[in-house]
Each structure stands twice: as structure tokens, then as C-alpha cells.
Amino acid sequence: MVNVAPAADERVRKVSAWKRMLHRPELGALSGAVLVFVFFFLTAGDSGMFASDGIMNWTTVSAQLGLIAISACLLMIAGEFDLSIGSMIGFAGMMMTIPAVYWGWPVWLAILFAFTGAMFIGYLIGYIVVKTGLPSFIVSLAFLFILRGLTIALSILFTNRTIVSGVNNYSEGDWLAAAFGGTIGNGFFVWLADMGIISSYNDGTPIVTGVPMVIVWCFLLAVISSWVLLRTKYGNWIFATGGDSKAARNVGVPVDKVKISLFMFTAFTATVYAACQVFEFGSASADRGVLKEFEAIIAVVIGGALLTGGYGSVIGACLGALIFGVVQMGIFFTGIDSDWFRVFLGSMLLIAVLFNNYIRKKVTEAKH
Amino acid sequence: MVNVAPAADERVRKVSAWKRMLHRPELGALSGAVLVFVFFFLTAGDSGMFASDGIMNWTTVSAQLGLIAISACLLMIAGEFDLSIGSMIGFAGMMMTIPAVYWGWPVWLAILFAFTGAMFIGYLIGYIVVKTGLPSFIVSLAFLFILRGLTIALSILFTNRTIVSGVNNYSEGDWLAAAFGGTIGNGFFVWLADMGIISSYNDGTPIVTGVPMVIVWCFLLAVISSWVLLRTKYGNWIFATGGDSKAARNVGVPVDKVKISLFMFTAFTATVYAACQVFEFGSASADRGVLKEFEAIIAVVIGGALLTGGYGSVIGACLGALIFGVVQMGIFFTGIDSDWFRVFLGSMLLIAVLFNNYIRKKVTEAKH
Amino acid sequence: MSEFVIELKNVSRYFGSVIALKDINMKVKLGEVHCLLGDNGAGKSTLIKTLAGVHAPSEGEYYLDGEPVVFKSPVQALDAGIATVYQDLALVPLMSVTRNFFMGREITKGRGIFQRFDIEKANQIAQAGMAEMGIHVRDPSQAIGTMSGGEKQCLAIARAIHFGAKVLILDEPTAALGVKQSANVLKVVAKAKARGLAVILITHNVHHAYPIADRFTLLNRGQSLGSFMKSEVSREDVLEMMAGGQELDELTAELEEFSRLDATA
Amino acid sequence: MSEFVIELKNVSRYFGSVIALKDINMKVKLGEVHCLLGDNGAGKSTLIKTLAGVHAPSEGEYYLDGEPVVFKSPVQALDAGIATVYQDLALVPLMSVTRNFFMGREITKGRGIFQRFDIEKANQIAQAGMAEMGIHVRDPSQAIGTMSGGEKQCLAIARAIHFGAKVLILDEPTAALGVKQSANVLKVVAKAKARGLAVILITHNVHHAYPIADRFTLLNRGQSLGSFMKSEVSREDVLEMMAGGQELDELTAELEEFSRLDATA
Amino acid sequence: ENERFVFISHAPDSDSWWNVIKNAVKHASDDMKVTVEYRNPPTGDLADMARIVEQAVATNPNGIILSIADFDTLEGPLEKARLRGIPFITMNSGTEMQSKALGALMHIGQPEFAAGLGAGERAKKEGVKSFLCVNHYITNPASVERCMGFAKGLGIELGSQMIDAGADPTDVETKVSAYLRRNPNTDAILALGPTSAHPTLRALSKNRNLNDIYFGTFDLSSEISAAIKEGTIDFAIDQQPYLQGYLPVSFLTLYSRYGLIPSNNVNSGPGFITKDNIELVEQYAGEFR
């Protein structure tokens, strides 16, 4: 065996580690996030946006979006879309609420039922995509309609209404429901309030009582997914599948299995999203999750992933969700007339991606 | 110069002209359309769906969608998306209504103003996409928000309401407004009714009085666009741009100009859509066109175009619009419980594309 | 076990109206280098894609170790020990050198849910494999898309050699390679043959084909014109076969004309 | 007008941390075939992409007809009469043979708004151009993506030749070609030279390079080792240059070893 | 002086009907010299609305005004407002009981189911036996309640008499005429607002059965009032949105300045507008009504 090339090579210029770091996809999104934060610090710094409950507010929104952005990101890296995420949120919510409230199932069983059902549908979508070779855009779009329709039709069929409330009467004390609807770190926040670091209500309870589970879920899934993507065999398959599925198949990557499993993963995260919402608000409704699939895709794309597949980062997608969430909630903190909400949202998005892109180009020089 | 290869080549099998025809992208969509029609013939044949007014009913819906599907198709073949179509419809409607109703402009001038404004915005979107190299998905999405926001905010600013009606009081007798809001062939339909070919009301006026201009526009644009795409230099550039923009640029195709002009064309068709609706209904409203961009993309994809660009057909996109329109309206003729509308719509879409795909595979044999 | 590891009987392959292969018969032996010759578009790549499980034969049978097989996908062929370097290389441009090298065959460390892709070791193996071909990779995390044509080809070859078990198929492996790299590839082919592998080689360069091959099969416009042992044919015969078995004299005459043109210039 | 149609002065090109070219000087004359030699990854493709306007030089100057130029895009180079066959061919797989041939340079008939792409004539020209390279196209509306490697390459070459005006750049034009097709390409290059065009040719095959070239420039690891007239160097010198100017003896020795191995087999 | 209130609705921001409320809020805030920030979930997702309530609480305003789109969803966020001591008034949809349970100062609005029920009872008197409910916003629970109330008032099952019309006028028009083609014996139509009422009017006039069908709608617009005058629309259910915008702002101002608050809830609707009382309303439709 010949020796490995020497470390020093006259064909390599010195480039600072800092610049090298900025090549990573997620660090482009980071610059966008910094820009957004600076903006809101200046315009809404005194409005309570950066007080403890304000922070919890936009963090929750971002985490919720981040949850589905993570799976949408993996799927997009593998070269596919899932437009049924939003409808799946509504459907999964009904799948766990109706059995619990109307059929008298224990709540944990209803939750498991919803997860099983949702992942089966995810499997079905993936299977159709893989077997027929149809673009996932169109297949999952059909399911966007089907699932939203089923949510409306079945909830009317079983309950005669499109909103099912009162779940909290059943979920009290249920161990699995607490994993979605509860909060953690309550003691810590009490301590923070006692120390005067965060403010508290008149009765002494801290203004923020704990971290909602949705943030925990988002954080956990982000770490795990990022690790899987970058460090495991399966992650390599995801990149290969999206980069060139023909080439990947030719060298033995189980492209079909990768795709199907990722469709199941998006269904999984949609169900987590639904469960967190159901057990936080105590109700499921037919309009839950409308258009969330697009918000997820927006977050992923802001996060630097390519729509054509093969390139992207989970951390980037989470940063994209953060940008989107902060902009969305931040507007309300600035007190801008809500007629201008969308104009503002669109402009901020555009500025964030343009800035992100500008920074990236600056540090990497034009590749061509 | 060497002689051209002889016509007969032992390396070519005989394949029937019929099979060869079925290779064209639009003929896949055709089979889907046939399936849909057969289905509705069987389930709703006696419901008036195929009487003259029934036909006009779903044709209008399809033509309206076809209008924007045509431009979305060309743009998608060139490898880009425009998600701002729907918002542009709302915005263009306001751009022609507010000057005409509140500022006292002649209606034709207001219409020209709207076309100019919309196409300028299209130019802007294209320019940003081309200059920054950002995915058009994200840029046009920002404009989806911005334009919808502007529509709401500006209409409230100028008129204090989000729905502006009474346009018909001003547009009466305007030559340009008639090109969008009127109908043609009225004499012909009277004749048809006199001949007893179509039914008429008790007072003798035919049940369908004319072909709405939106159908005429759709037809005209379909013919012209198809001709441009298949028969001109510019059409070749569109295919090249979407097929491999790097290769196209390397051999001298003005990729940027092609893309920008197509963004302007989508803005143009969105404005035609808006004008037809404004002068038919006599009002503009801030929520016109919501989600139409996705319906357009659906139609294009059903029509056999590739989401990744470089392949597709205008006729296919129109057939896609037809399938979508017929399915959408057909359910109301079949009398299925409307709670199930979306389930039905999604399932029919899925079945149509699956069938279409199956037929295509059958006739072309697996390519690999 | 049969004498021949691979045997094709009357294999044809159609693409719609195109007849790419017609009634091909072919036998491949372990420890032999089998060279496929033929003009552009003769069907060589289609033939080896059929062997590699990318295309299924439209007609005819495919025997592996004397058993009839039908590969549903390239994985099955890979699992059966057939490694292929495709003419289009089957590389993913956006992925790094190392990730491409181990794509589909990742080495791991750790166990259970902590099992992970062993990047450091993979980097070493990939770099060493490339160095053996004569390419010194600057940085194993460089994206393949930014590498030169020859560098890409060397990566594809190094990968197939690393994972090749029984049969190694090389479709124009030296097309984009420099003199040094080509020599290295031929050296590696010789080594593989010595290790007892069957090698199927496609090349348009007689100087690469003749020294190393044991058996030649000639394709012309989708049909086989027969197989020949090296002992039966001379270098000039092979050259003639490569040119499609015709017009050769005319061509050499013309080539000489260049030299003359050249001399007078 | 200067004696040299193209002149590079101290041109460098960096990609992030990668130095692909460093201080290249080069002169190209009309009516001459200029051959670029060098190992894989030496920077040949990068150099010709710089000439063709795909990359702008990071440093240094580029003179065309004695005037300094900066091409912002390949169109400008094309318009200046520089036609290029890229190593990756710049073909669109989903488009037909004819559409690829005329991409960006469509011939039209009719006038005004009825001006349209003249498909019949274009088909004829494309088919004839391919036939000249030795490829007989079955059907000019076949998608390029389904054609063989050599067929694709011939199309790219035929296209450049058809539209080349002053300078013709060919990046490894014969890499995937059969013997016959290669000879045809060389013939066409000779014709272009006779017509007074400047031709820049990259190849790893000394048998293709030596008979036709007038001047050689040798690149090594991104740097130029100088230019030589044909009269100054022998075929063996060129072969040595191609192998990167080193290790050649060792390699020939090894190649001979194969033949021996071969004889004993 | 210059108190800051937050006004939160559940409507997606393309809903034109809420414009009247927005106008009322603007007028009230000018009159009272307070600032009112109007907010709504852009897509109409009620869970998003709950987030906005939380966010509003975080900015510590002097008071909050909101619609009870869904009791359960809003319970948690409003708990925080109560703990902070931020007073709030509920308006528009939701019931008085829910308002009380949430701890609101008072409720100003129209219970949706009851409004539908009243309309249904009215229609029953006219001998209506079957109807079509044109729902342009089917994913919103309140809209379904209106249709259900109507059916209940008629004493029949809703069944397949509600259509998912979508918001595009062409779609609404064609869907209505398709439905009527299929079910020619439909007695009545209930439109849920101007978005569905305008195209439905066109569909009817094209099909020449404007006067045969008993036509009721929610809410007012200039077209609707003109149609009432002509007699093509038989009634419109007016919940006087202007009141729902103006009153809570003025009440909250009075409450935060002087501690004054009415001791009863205000039912701003349902009021039925027919040919008889149209004159009054006509002039201000769309801006004040």
C-alpha cells in the first residue's frame, strides 16, 4: 500500500478556520438569525419580547415548527417532499382525541393508536412514491386533501362537530399525555423566580413555570437527527439517495427503504406536534396544522438545504424555524399595524435569506 | 460531407405509431382525463353534468386554473417555481379596481396599469432569483406574503375595506373590460337553443348564453404557449434552461433572460385571471387567489411535467387543469356528502395520476 | 460449480423501439481478464449493466456459477460479489470523497444504537485507495463535484477494487486518466486477476487492452461477433476489431496523412 | 492585430482554499494546434474554462487579439468566436439530439412573430454533423440521456465544430471514443487547423496528441512547466511529459512486466 | 390616558367581514384616546391564536379583547392573563357561560349555534324542508355550528346539505350551481357571509331561480343589502359587528380608568335584517355594518 499523501500540499492555500466554519450550511442560517435578533432587539427590546415569558412564547412557536422542519429536512435531503404534514397534524390529533373522549379508551392507548396510524399512513405514502416512481409532491399532495378531508368527515361522523374539546378531563394523570402536554424544570423556574432572575406573579408563582415538552422534543429530535445524519451509515444513505438516487442504487444503497422510513419519520413528528398541541390546549380540531407543511419547507430552505436534495443540515433547519418563529411573533411585539403583518413577514424573510446568501458568498468567494 | 444514415436501421424495432404517440408527456395526462370522464359519466351522467350548462360549469373552472397552469408549466420546465401567483391574482385585482372605482381612472387605463405593475413585480422576482442564485421557491414565497399583505394593507388604506365592489358601474361599455368580463358566441348559442340542441328557459333565452372570456383566454394562451415551447428558438431555451442551466449557459443560452421573462409571464397570466374575475363578478377582494399557486402546480405535475425542470408540456398542464377542475366540480354532481369532498378530491387525484403513470409504463416498457 | 462464473445465453435488451443488444452469448472465467471490444454505441455499457443488475435482460438467460439468476437490483449483484465501475461512475457530486467511497458499504464502529460511521478510518482507507491509483487527495472531505474528471474516475475504480469480491467490471476505466494513472489501473487489474478474480474490461485503447486481456469479445451494433482467446489473435487483429472490423486501412492511411501534413507544416 | 490570438499573463485561479492554477503564461496562435498536457488534476480543465469564460481569473490578465478582455459569461466568449467542448460535454440529457446541437444557436425560418426553429433543417445538419464523426443517429429526436458515452461526446464535438469561428477548445475529446471515431475527430481537427482556426486540445493519449499538435504546454499541479514547439520535442519526450515528467521508467518497466506475466499465463 | 389594549380575533386575515370590526376598533381607539393593537392568526389556526394570546400577555397590556373561538384552547393562555391581573373582555363567538368560566369581565357577541338556530326557525315558518349551506370556511368550527344550528331549527339532519365551497368566487358559484343542478328541489340556501353570498347570488341569477329559493345569509355588505331590497335575499343575520369592535374598547377604557363595567353581557346579535328594516342599514354596509 502506498503512503497517504503528505499533510502539506502546495496546492492548498491557507484559509482561516473561521472562514472554513462559515462554509457549513447551517452557519449561513446562523447569520440570518443573528440579523433577525439584532433587528428585534432594536425595535422591540423593551416590549417584553426578551422577558422570560416573551422568550418562552417565541421559543415555543419556533420549537413547534422546528419539530416538523427536522423531519422535512431529512426528507428533503433525501430528495423528496411531504406536503401531507399539515393535514397529518390535524388527523393525528383527531386519531388520539376521538378514541379517548368518545370511545373511552385510556389516553395512552389512544396516543399509541395515533402514532401507529400516522406512521402507517406515512409508510403508505412512501410505498406509493417508491413503487410508482411518481413525484412525492403529487402523491403527498393527494394525501394532503385526503387526510384533511378524513379529519373533517370522520370527526363529523363520530362526534357531529369539527372540534373536540375536553381532552384534559381524560388525560389528567396519564403518563404518556404528560410527555407531550406537560412542562419540565418547574423547580428550576421556581428557584429562578426566588432568586429574582425571572419575575413572578403577585401570588409568588414564577411567570414561566416550566419548559413545555414541545421544546424538549424539538431539542431531542434535533440532536438525534443531526447525529444520525452526519455520523451514521443511515445518514450517508440519506445524502446519497438525495444526491443521485440512480448512482446510490447502483452502489447498493437501499434507496427505497431510506425514503419510506423518512416518510414514516415525518408522520411521526407530525404526530408529536399534534400530541403536544392536543394535550397543551385540551382540544383537537379539524383546522389544526393548516399550511404547516409550507412553513416547514420554508424553515428547511432558509436553513440552507437544497430543494433538489442531497444537501442540507438539521441544525440549519432548526435555525430556519427559529428565524421564522421569531419573525412571526416578533412582529406582534413591535406593535406594527397588523394589516402590514404579511408584508413585514415576507420582507423579513427575504432580507434574512438575502443576507444569509450574501454572507455565504462573501466568505466562500464565488464558486461560479 | 458524409451521407446521412440510411432510414432503415437494424437496430430499431418496429413500434406502432399509436404506442409512439403515447410517449408524449401530455398523452399520459390524457388517459387520466379519460378515466375521470368515464367515472363521472357512470356516476353522474344523469345529473346535468354533461348538459350544456353543466359543461360550461366545469369548463370555466378548468379554464381559469388552466390560465395560470400554462405559465406555471413554462416556468417549471425552465426549472423555477412561482409561489406568488395566487397573491398576485389578489393584488392585480386591487390594482385595477382601486384606480377605476376610487380614483376615477378610465377602466382600460386601470387595467393597463395593473398589467404593467404586475409584470414589473414579476420582473423583480425574476431579477432577484437570477442575480442572487437563491431558489425561486423561497424568493417567490416571500412575495407570496408581501403581495398578499400589500393587497390587504393598501386596500384598507385607500378604501377602508378589503372587498371593493361596484366595478361594473364603471366598466360598462369599456372595450378592454369586455375582453375579460364578457362572453362571446352569444348568437351561436341562441341559434343552438332555437335548434333545440341546448335547452332554454321558459322565456326562450338559452340556458347558456355565451362562452366566458376566461375560456377564450385559456385556449388562446395554450395554443400560443405550446407553439412557442415546441417550435421556436425561445422554446428550446426554456427546455435547455430547465434541463441543465449550467450546460445551457456554457453554450450561450441567455438563461437569465429566459427566467426573468417567464416570471413576467406568470404575472401576466395572474393578471388575466384577476381581470376575468373582477369584471365577471364586479368586485375585487383581498382574498382572491388564495392557494391558487398550488392548484396550478398540481395541474402542471398531473400534466406530466417534472418538478426538477427540463420536461413537460403545455397541453399536459391544460389537461391537468381539466382533470382537477372536473374532479372538483364533479363531486357536487354525484351528490356525495360534501364532508367527504376533500377525501374524494385527493383520492381521485391519486387515482388519476396512478392510472396515467400505469398507462405510460405499459406502453413504454420500463426504461430501468 | 461450473467452469465459468458468468454465462449469458441469447440475452437481448430493448429500450422501447431501440434494440441495444441482440442474442448475446458470453462466458467469463475466474482468474481471467475478459475484454469487451466494440465501436461507440455497440452496446458494451448496456451489456455490463445487464451483468450488474441495473437492467434486466428483455430476453435470454443469465447464469451465475451455473445457476440461473435474475437480479432485481444492483444490490443483489453486489451481494453476489459483482462490483462495477460504471461509465458514468455512479458518484454523488455533492458528497465528499470518503462518503462516496463507502456509499452503501459503510464501515462502522460502536455497537447497538451507538453504531456509527467510522469517518477517521474511512478517510484513511479512501485516501490510501486513491493514492494507489496515483491520486493524492488534498482533503477527503472535498466534494466530488469539484474534482477533476480523472480524479473522479480513480475514486470509482478504487472503490470497486476495495469492495470487489469475485467479479470486477470496469467500463472504460482509463478514459479520463493520465498515463501514470492508467498504468496504475492496469497494475491493479493485473493484481486482481492474480488474486483469482474475474475481470471484465471495456476500453477503446488497444495499448491498454492487449497487454492485459486473456479473452476478447467483440460487439458490433448490438450483436456479438464472437469471443477469442488472446493466443488466437494478434495486436493488429484486436485493433481491427476495435475499429468495428472495417475501414481500418482507410483510417490508418488518413492518420498517416496527418503526420505528413504535419511534417510539411 | 497581435501574432497570437490568445495570450495569458500570470493567470491564477483559486477555489476557496484550493489553488487550481498558479501564474500560468500561455500563447495560442491561429492555424496551430496547441496541445495541453498534464496529469489528472493538473488544472487543464480549469485553464480552458478560464479561456472559455466559465471562470474569471482570480489574478492575471487575459488578452484576445492583443486586447485585454474579461468575459463575464461563456456567451461573451462564444460571441468572440471561441467554441468549447467541455469535459462534461454541456449537454442537456432530457433534450433531443437536434435540440442539443442547436442549443443557444438555433436556426430559424419564417419572419416576425412567425419566426420559428427550423426543425427539419436542424435535424439534417445534426445528423450530418454526427455522421462526419462516424456516428449514425437512429432518430434525431432521441433524448441525449439515453445515448452511449461516445455518442454524446461526438455530438458535443460536432456542435463545437459547426459553430466554432476562430478558436476551438477541446477538452479530452477522444476520451470515450472508439478507434474509428477518434480518427474522425483528429481528421476534423486537422481540417479546422487547415481552415486557419486555433485549436486547443487536451488529451492523455500520446498517439492522438503527437501527430497533430504544433505546440505543447505542460501543466503540473497547477503550474506551467513551459511550452514547446513540436520540432523541439520527440514523441518520447511528450510521453514523459504526459506522465507528469517522472516515474516513467518505473512505469514502462511495470507495463512490460504485465506482458511477461501475460506470456507465461 | 393612552392605555394599550390588544384585540385578538380568530379570523384569517383575508376575511373581509372582520374589516367592520377593525374600523370600529379604530374609531373607538381614536374616541377614547387609547392604542389598540389588532391581531389575528394569519391562517386562522386556533392554536396559533392561543400563541398570540400568550404573546399579548407577555407584553403586559392594560387589557385584552378576544373572541372565544375555542374555549379549551384559550383557557391556558388566559389563565396567565388572570394571574397577571390583566382584564379581558370576550366578544363575537363563544357563549356567555364560557366567557364567565374564563374569567372575562363580560361578553359581547352572538352565539353561533343560536344564530343558526334562529335562522332555521324563521325558515321553517316559510315551509322550508331542505336547504343548502354554503360554507366557505369549513375548517373553522364556528362555521359548521351555524349550519348545524340552521338544520336543528328546521328540525332536519344536516347530512350532505353543507358544501365545502372554498373562498374563490368562481369556485363558489360553480359549486353552488352544480349542487342545485343535482338537487333541484332545494328550498333554501344559507350563506355564511359575503364571501359565499355574492357568488351564490350570481349562481342563482344565472340559473333563473333567484326568487324561488328562500335565501338567507350571515352578515351584510352592499351587495347583500341591495339584494335584500330587491327581495332576492330574504334575510341577513346581522350581529352588528361594529358594536363588537367599539363596545369592548370603550368598556375596557372605562374599566381601566374608573373601574366601571356593565353588570350584564351584551348580545349584539342575532338581529334579522329583512326588506322591512333594510333602509336603515343600507348606507353603512361594509364599513359600519
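Order of writing sets the labels: A, B, C, D and E. Residues in every chain begin at 1.
The definition used in the following text is that a residue touches a chain if its C-beta (ideal position, glycine included) is under 8 Å from a C-beta of that chain, and two chains touch if they have at least 3 such contacts.
On a predicted model such as this, the values are computed, not experimentally measured, just so you know.
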item	value
Starting at chain A, fewest touch steps before arriving at chain C	1
Longest centre-to-centre distance from chain C, chain (CA-based)	E
Inter-centroid spacing, chain D versus chain A (mean Cα positions, whole Å)	48
Geometric centre distance via CA averages, chain E-chain A, whole Å	33
Computed distance of Cα centres, chain D from chain C, in Å	25
Set of chain D residues in contact with two or more other chains	15, 18, 54, 88, 138, 146
For chain E, residues that touch 2 or more chains besides their own	13, 164
Shared interface positions of chain A, touching two or more other chains	11-12, 148, 152, 156, 306, 337, 341-342, 345, 367
Residues on chain C engaged by chain A in the complex (per definition of touch)	52, 54, 73-75, 78-79, 84, 86, 88-95, 99, 102-106, 108, 115-117, 119, 124, 127-128, 131-132, 136-139, 146, 159
Residues of chain B defined as touching chain A within the complex	128, 132-135, 137-139, 141-150, 152-153, 156-157, 294, 297-298, 301-302, 306-308, 337, 339-347, 349-350, 353-354, 357-358
Chain D contact footprint on chain C (complex, rising order)	15, 18, 38-41, 45, 87-88, 134-135, 138, 142, 146-151, 154, 172, 175-183, 186-187, 190, 194, 204-207, 211-212, 214, 230, 239, 242-244, 247-248, 251, 254-255, 258-259, 261-262, 265
Residue numbers on chain E that touch chain B, as the complex places them	13-16, 19, 22-23, 159-160, 162-164, 167-171, 174-175, 177-179, 181-183, 194-195, 198-199, 202, 207-208, 221-223, 286-287
Touching residues on chain E, where the partner in the complex is chain A	13, 35, 37-40, 42-47, 50-52, 54-60, 70-73, 75-76, 80, 83-85, 138-141, 144-145, 148, 164
